[in-house]
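Next come two complexes, and both contain chain A; in the first it sits with chain B, in the second with chain C.
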Partner chain A sequence: MKQSATDKNTIIRRLRTGSIGICVFYFLLTIFYAERGIGMLPNLKPEAELEIYRYETISQTVTYFLMAAAMLLAAILFLQIARKGMPFQDQHVRTVCIIGVLFLIIAVIPAPAALLLAKLNGVDTAMFLSPLISISALLEGFLMLFIAQILHYGTMLQLESDETL
Partner chain B sequence: MKEQAMSKNTAIEKLKSGSLGIGVLCLIVSAVNLMIILANSVRSGLFTMQGFTIERYSAIRQLISSGFLTVIMLLAALMFFRIAKDGMPFTAKNSRTVRTIGILFLVNAVIPSVSAAGIIGTFKGVGGLVNPSALIEGLLFLFIAHIIRYGAMLQQESDETL
Partner chain C sequence: MDKNHDARKQQTNASIRRSGKIALVIAILILLGQIISFLYKVTFTLRRPDTLEDESFLSYLNYIRYGTVPDLIVRIILTLGTMIPVILLLRDISRKGLPFTIQNGTRMFIAGIMQGLLALLPVLFQFVQMIRYGDSSDSSSLAYLIQPNVLNYLNLSFCFLLLFLAGLFRYGAALQQESDETL
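Entry: the complex of A and B
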């Protein structure tokens, strides 16, 4: 029993150390995507050669900002794990769920919404080149929701362990 | 206690069905990935190219990297099928599988570039030999392996208590 507690403490310490590094990585990714999104803003001006490119740019800008939000949530998640050393908590399950939902939104909303907006404004949409659905974002979204289920199960085990102690 | 057991059983059922779907997806992705890269290699004439060209280097590197990715997806599929069978994500076996995936990503960060440069006979003009994104993914999976190992300890405690 004593050895098991020592092993657990060792793992928790390693999780805390590893989480700090991964948290920094995701913060950098947040900055990267936010910068990309901000960088696209000047392209929204009406001087674009083809009006439809403005709407494609809207779609890409929204996608970058949503990705930045997802990366920020991931960074906060790993920061919490680094602080407490407990990966299996209800708030972490909720965070991963939200990240999954964000990916699903990225997969299906920006491009169709931009296309609809263009059509409503009477713009010729024949040259709209962006794919309407991002398959990779869709798969990542479902994967995140599945990981949230795994974490949820882990949370139950953690609760049992805490109650036993 | 009874309600808790029922919630756990519900969670396990959801994990089983979800794992099956993801396992099948991993298999499909690995098969499609391999077919596409082989088709591209044949179409680009990779197996008949000679000497040093950047195209040959890129094609060889991509082929080796895809081989690694195919193995990674197969390992992931096996792991998800195992979870679909017994409903237990936190086992020592799964922790080892995820660690192996992490190591394969780390190897994939370096080996394809080095091997391709070795095959074409020069390291000059081939650019960076390390793939940073594969390196980071490798470290992330090694970290996830630790989380699964921690979960396996909790699972063992839970089973011993019962």
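Entry: the complex of A and C
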């Protein structure tokens, strides 16, 4: 049991150190996606050549901002793990769930919503080229929810360990 | 430890086992898709005509360069190196419902390293080209290496995630061992 405690402390120390670097990386990704989203905003002006292009831009802008939000949540998650060194906590499980839901939203909402908006405004949607469902974002969303389940199991083990001590 | 806690643990195990089975099927399908895509790209690249057959969009699609055969081979090896440990991990989870083992931590670690290599591979190829044909000390050339179309940030992101999960699984394995010893 004593050797296990030493192993745990070593692993936690490594996780905390690693979390700092990962936090910085995801924070940079947040800035990257937010910048992309902000960069798309001028294309929303009515002077765009093709009307449908504005609606595709809406879809892409929303996607970039949602990705920025997901990356920001991930950065905050790793910052908290780096500060407290406790990876198995209920709030972290909730954060990972929210990230997973954000990915699922990115997968199925922006493009269909933009297409629907275009149709409601009477715009010709023949040249709407964005895929309606992002398979990769869908898979990433389900992956995050699966990781959240595993983290939830980890919180139960953590609770047992704390009560034993 | 109250019975409710044990019951919740059992339910979570069962839920993880179910999700693990679905994830295992999806991972196997992704791996098969990657292999089929690799075989198609290699055969197309080897048979690729020197000019477009006609001006149609389909002809252009058929002419798309997938990269050289050695590049494709290295990529599929690294992809297999990522997916096989993940599939073994998911198979383990789907059978036992217990994700936290030292073995699973090692599998995550290997998958993470492979993803990192996959992300850095284009950068390495570009750098080798720069050394052979260009000025590798030029700062603008070096800045090009970290552009999103060269350095794959998605693969890098998965690399960091998998390496972190490897550490997390090892911590979880220590907790699992404590829990089993207590019981």
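The criterion applied here is as follows: the second predicted complex is superposed on the first by the 165 of 165 C-alpha atoms of A that agree within 3 Å, B and C clash if a C-alpha of one lies under 4 Å from a C-alpha of the other, contacts with A are read in each partner's own complex, and residues count from 1 in each chain.
To be clear about the criterion, a contact is a pair of C-beta atoms (placed from the backbone, for glycine too) under 8 Å apart; a residue touches a chain by one contact, two chains touch by 3 or more.
Remember, it's a predicted structure, so these values are computed and weren't measured experimentally.
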{"item": "Fit-or-clash call for chain B and chain C when the two complexes are aligned on chain A", "value": "clash"}
{"item": "When both partners are placed on the shared chain, which of chain B and chain C touches more of chain A", "value": "C"}
{"item": "Which of chain B and chain C A:F88 touches, first, second, both or neither", "value": "both"}
{"item": "Touched partner set for A:Y153, first chain B, second chain C, both or neither", "value": "both"}
{"item": "Overlap of chain C and chain B interfaces on chain A (superposed complexes)", "value": "4, 7-8, 11-12, 14-15, 18-19, 21-22, 25, 87-88, 139, 142-143, 146, 149-150, 152-154, 156-158, 160-161, 164"}
{"item": "Chain A residues within the chain B interface of the complex", "value": "4, 7-8, 11-12, 14-15, 18-19, 21-22, 25, 87-88, 139, 142-143, 146, 149-150, 152-154, 156-158, 160-161, 164"}
{"item": "Footprint of chain A on chain B - complex, ascending", "value": "4, 7-8, 11-12, 14-15, 18-19, 22, 25, 89-90, 136, 139-140, 142-143, 146-147, 149-151, 153-155, 157-158, 161"}
{"item": "Residues of chain C touching chain A in the complex", "value": "1, 5, 8-9, 12-13, 15-16, 19-20, 23, 26, 30, 99-100, 148, 153, 156-157, 160-161, 163-165, 167-168, 170-172, 174-179, 181-182"}
{"item": "Residue ranges of chain A in contact with chain C within the complex", "value": "1, 4, 7-8, 11-12, 14-15, 18-19, 21-22, 25-26, 29, 32, 78, 87-88, 139, 142-143, 146-147, 149-150, 152-154, 156-161, 163-164"}
